[in-house]
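After this come two complexes, each holding subunit A, first together with subunit B and then together with subunit C.
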Partner chain A sequence: MNEIIISILRSGTPLIYVTLAGVIAQRAGVWNLGLEGLMIIGACATILGIMLTKSVGAAILIAILACVLASVLLWFVIDRLKANPIIAGLGLTGLGIGGTALAVQSIFGSQATVTAPFGIPKLGPAFGSYGVLSVAVAAMPFVVFAMWVVLRRTRFGLRLAACGEHPFAARSVGANPSRMRLAALAIGGVLCAIGGAELAAGSLQFFAQGMTAGRGFMAFAAVIFGAAHPVGATFAALFFAIVGALGIRAQLTFGDRIPHDLLQALPYLATVFGVWLSGKLRGGAKAASSFAELRDQ
Partner chain B sequence: MKDSLFTVVRSLIFVVLALILCALVFQLAGYNAPVTLWAVLDGAFLRSGAIEQSLRWALPLFITAVGVGISFRAGFFNIGAQGQFYVGAISAAFAAEAVKGGPAFLVIPTLLLAGMLGGALWALWPGLLRLRSGTDEVITTLMGNFMAGLLLVYVTSGPLKDPSGSGQQASSRPLDPAYRISDSLGLSPTIIMIAVVVGILMWLLVNRTAFGVLASLAGRNGTMVEWQGARLWKLGLSSFLVSGALAGLAGTIEFMGPNGRIASGFLPAHGFTAILIALVANLSVLGTAVAAVFFGGLASAALYLPIMAGLPSAAIDIINAAIALFITAKSTFIDRVMRLGGPKT
Partner chain C sequence: MSNSPQSALECRNVTVKFGDVTALSEVSASFAPGQIHAVVGQNGAGKTTFARVAAGLVQPTLGAVNVMGRDIRTGQVSESRAAGVELVHQSFALPPSFTVAETMEFGATGKGGIYSRKGLAEKWRAHLAGLDVQTDLNRRIRDLPIETQQGIEIARALVTDARVLILDEPTAVLSPAGIDMLFARVRRLKERGVTVILILHKIREVLGIADTVTVLRGGRKVEGPLPVAEVSGERLANLIVGEAVAKTLDRHDRDALVGTKAPAHEDTDQPVPAAGPAILSMKAVSTRPDSGGIALDGIDLEIRPGEIVGIAGVEGNGQKTLVRAISALADLEGGSINLAGQDVTRQPLAVRRRIGLRIIPFERNVEGLSLTSSLWQNWSARELLQGSLLKSIRPAAIRDACDRALKAWSVHYNNAGQRAGSLSGGNAQKVILAREIDPDAKLIIAAQPTRGLDIGATAFVWQALRQARDRGAAILLISSDLDELFDISDRVVVMLSGRLNGEFHAPFDIGLVGAAMTGAAAGASA
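Showing the complex of A and B:
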């Protein structure tokens, strides 16, 4: 039992950090499909940073810097240049996946896996069998709680939501939607950096090309499934991690008799169902992206 | 006409900007940017046989991109081309098992139809959800992509598995050579003919039918079109089905042509590239053909970059991504510059 919980926490924690990044962007009215790219930038920068500085703290700072820069680029393109957030977000994802592959190739001259000498500190034997988990796992519940407080109980969070829901109304009470989006994306960049760091240096200690393998998109699905509520989205991400862990378990136990690939599709199916249901309950979902704007260039 | 020319020029400006950005990235990464870009150009269009290779990639991309353009025109942000492409290929592969042994002149059209049907089905449910319940099509089609990807993993390692296959990538049993529509190089009269027919039909659909005009209007202002008596959900659903069918057709062509089988995770960037092509072309059918050749060239250059410039093929992904980042941008600066000689609005 402990083993399963450990594997769920291991795979769930990076997902939850990135999901929170998606939540804050979503509340500011930005559909962040760049999460996948930000996460892999965070993972790559952490491993390269550890090798360069021999310090995990400095490496995570480098990762945060890289992810915040990439987030600001996304903000610039969608806010200043009025690009379509969905296409631009997918572009950022491609830039992250391709850029990290290129960086590894240009630094090491090969596309092989890059291994760091050590990773994020572990909890240690005081926590029994859970001691193998990294400190980022233990910090996760507190970060979720902090996000909930910030988004639901502070002036900043409520203004952020107002900017996302109705920018015009928010502007009329003195909020600046553009600056709020910048803040949301920058905070999201920090969270993605931590998520990527935990993925690459939490229980593992290496970076491989394309190692996020769709986790950023899964985080986006969790944001939608959890209705952009920090706690709801966290549980959605946890649910996805549970399905993933059970799928691997089922494969180990039953072999090929269980089509575990189809089981892995369950989170995506659940997201579709969740979005459909929330639309039903609210009486028609809001339009995703003002796509008509794109047509009338 | 002049206006549409301007939108093409401004698309080109953004493509060039994206290329410059990429050149900077390559330079920073320690590669010689001019040499790299030259290698891309050489690999795409100049090298002997490069044009054929570029067309091999361009034709399926064109077919998918035209479909993407149809649903974008109607105002539906169907980003599920990748999933529809996969499901189309999967359906054709299953159909191939079912009608094995039949005469080629019957089997080939059957497989093509099966692929189109599969792609259309994979676009049907997001379309229905969108038009009946208002469920956002960006989410449903994106989730559909992942589900289709997993479905592909399942069928290639399960029902359609090639028992003799080894290695890391699971793949289906190969298609009987009698039913292949091209060799592994992937350019054949059949494929060219299919692409030309699709191009002509879609051009007529968009520019010469009530459907095309109404769909374009619905994309701009759905409520108004509905007030004027058009059935929005019928229009919308048709555009979903057409785009799905075309992506499915492209998947089938890849299966029956160059690949000859389906493999888990094959051509993972096809749908995204097709969306880019549709956007660069500003959704026009003719523009899509031109843009498809450009992006087809990039796709074929990706195979030569590691050899010619020592650069990983990820460089092409970076170029595509940079174009994606900027292609929908509406820079007031560029608009102002272009308005100098253009029509006053």
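Showing the complex of A and C:
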């Protein structure tokens, strides 16, 4: 039992961090389809940072810097250049996947995986069999709670939601929707960096091309499934992780009878099911925001 | 205020340009503290722009704004709010998913911190009660009736210590009883020392509530602030319309356009009551609930050739669903719809249009026209969509026909290839009229056909509807403006919560119709 919980937490934690980044963007009125790109930039920057600085703290700072810069770029393209947010987000994803591959290629001259000498510190033997998990896993519930407080229990959170839902109303009380979106995307950048760092340096210690494998999009699905509520979306992400872990378990048990490709596809099928279910239950995403609204009035 | 300043709000030479369009031109006005001021003018006169400049939402091209004797930085909402100016928008600016308490909090200034749901409701309960807004603080905005939403928007504007409260056309969405409640609320604010600026467009409302009146026309100030006691309704009407236009208008139309007195419809040339079989006959029509608005509940409605039937009611009582039901866009749960003698209950819109259904829709710029398509494409849509999909078309011929039609309807445009979005509201509506009012039209649904139009364009639309009626078409007119309904309808039916609540014949009694709108006297009928 412990094993399966550990595997759920391992695969779920990066997903949850990135989901929270999607939640805050969604509430501010931005459909952030750049999550996949931001996550892989975070993963790559963490591993390269560890190799460069020999310090995990400095590596994560570098990852945060890279992801925040990429997020600000996304904001600039959407908000200042008035580009379509969906296309700009997909562009950022392409930039992340391609850019990290290019970086690895040009630094190491090969497309092989890059292995770091060490990763994010583990919890240690004091936590028994859970000691193999990284500190980022332990920090995750606190981050979720903090996001819930900020988004659902402060005036900042209300104004952020107003910017997403009714920018003109937000402007009428003196809020600046454009600046709010910048703040939301920048905070999202920090969260994506941590998610990417946990993916590459939490239980693993390497970066491989395309290693996010659609997790950013799965996080986005969790945002929709969870109605852009920080706790709801966290549980949606956790649900996807559970399905994934059970899929691996099932492969070990009935791998001989059921094609293992099908079992591997389970999390993705669960994602489709989740988005369908959320549409069924609520008639669509809550913080939905058309482009016209994003442009105010 | 220890040394009370001369004016609570003063604008000096305010000019606002949006691109080539001048919305306000050198407007200077000074509003004395502690009074109720009215700003009037027809649509497009610049009233809303004026309000938004004062609230800091619009940056004027030139000019200064002075609050309580102090010049403020223009174009900054936070600056205007800090000086004590608050604005209540015409279509309320409240995020629909917010609860009442959240709506109060998100606009508040001062200490915030982390709140609890309960604490937030506690914090704002007294504030709302003090303004006589009765509602559960944990209900969401989207679930509240329009009158309550307006109360909440006013309460939202007063979360800070507002000295000047501007209300942008607050009466446009209210029933007569709702207007009385609003005015009582405004008078109480005056007693509390708040300077209130009401943007209105009905003269009888101005005379009923305001201390002074300022008239805008075409982005310029024509007069004011004048003490209301010194100005007659007649003079005010001419100031709003402009002497030149006033001469061209029929007296009843002019009175309806500016709302001089309680409307009644005293047409002397009343046509003979319509005869012949009904063009539209709805029997016990109910619709399935959907996201498009309140469902219809057993609607029985007949319209005969040569009559205009007006639908009165506070917005959101099923008017949109009624239009969707007649145009086959809502799922019927029961009942039948007959169009010109044919049962069309299960027929799609294309069939209904072929029979002679025409629609001037609610949203001119969304449902009525494709703003990014050319005028000839918009104009020709009616006939093209009726024809076979594979029929070849000759754009040159259509453009010529379109040119002739638009000229006949006196649309001002450059060429038939220009985008529909480049026309003004009045001209855009004329393009829709040119498309929807043709000799084959049997039933014309006109949904808010004059919303946002200036007086000339409004009179034009009325004339077009009357001519269509005189030709024998049946017309269903939906409007939230009772003056408009009473002036041109032969019969008025009131909608309330998806049902018909009473039918009225000319001369109309605004008291009875108003009561039916709010359900005060169920089953009222004249």
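Just so it is clear, the second predicted complex is superposed on the first by the 257 of 297 C-alpha atoms of A that agree within 3 Å, B and C clash if a C-alpha of one lies under 4 Å from a C-alpha of the other, contacts with A are read in each partner's own complex, and residues count from 1 in each chain.
Keep in mind that, in the parts below, contacts are C-beta pairs under 8 Å (C-beta built on N, C-alpha and C of every residue); 3 or more make two chains touch, one makes a residue touch a chain.
Predicted model only: the values in this text are computed from it and were never measured.
Which partner chains sit in contact with A:158 here, subunit B, subunit C, both or neither? Use first/second/both/neither.
In the superposed model, A:158 contacts subunit C only, not subunit B.
For A:117, is the partner it touches subunit B (first), subunit C (second), both, or none of the two (neither)?
neither
Is A:128 touching the first partner subunit B, the second partner subunit C, both, or neither of them?
neither
Identify the partner contact of A:92: answer first if only subunit B is touched, second if only subunit C is, both if each is, neither if none is.
In the superposed model, A:92 contacts subunit B only, not subunit C.
Of subunit B and subunit C, which one touches more residues of subunit A?
B
So in the superposed three-chain picture, is A:169 touching just subunit B, just subunit C, both, or none of them (first/second/both/neither)?
The second partner, subunit C, only.
Tell me the contact category for A:83 with respect to subunit B and subunit C: first, second, both or neither.
first
Would you sort A:149 into first (subunit B), second (subunit C), both or neither based on which partner it touches?
second
Of the two partner chains, subunit B (first) and subunit C (second), which one does A:262 touch, if any: first, second, both, or neither?
first
Overlap of the subunit B and subunit C footprints on subunit A, residue-wise?
286
Show which residues of subunit C lie in contact with subunit A when the two form their complex.
My answer: residues 55-57, 76-78, 81, 87, 89, 93-98, 102, 105-108, 112-116, 156, 291.
What part of subunit B is in contact with subunit A in the complex they form?
7, 10, 25-26, 29-31, 72-73, 75, 77, 79, 129, 133-140, 142-144, 146-147, 150-151, 153-154, 157-158, 219-221, 272, 275-276, 279, 282-283, 311-312, 314-318, 320-331
Applying the document's contact rule, which stretches of subunit A touch subunit B when the two form their complex?
Listed in rising order, the residues of subunit A that touch subunit B are 31, 33, 73, 77, 81-84, 86-88, 90-95, 97-99, 101-103, 105-106, 111, 209, 214, 217, 220-221, 224, 256, 259, 261-262, 264-265, 268-269, 271-272, 275-276, 279-280, 284-289, 291-292, 294-297.
Can you tell me which positions in subunit A touch subunit C when the two form their complex?
On the subunit A side, the touching residues are 149, 153-156, 158-159, 161-162, 165-166, 168-174, 283, 286.
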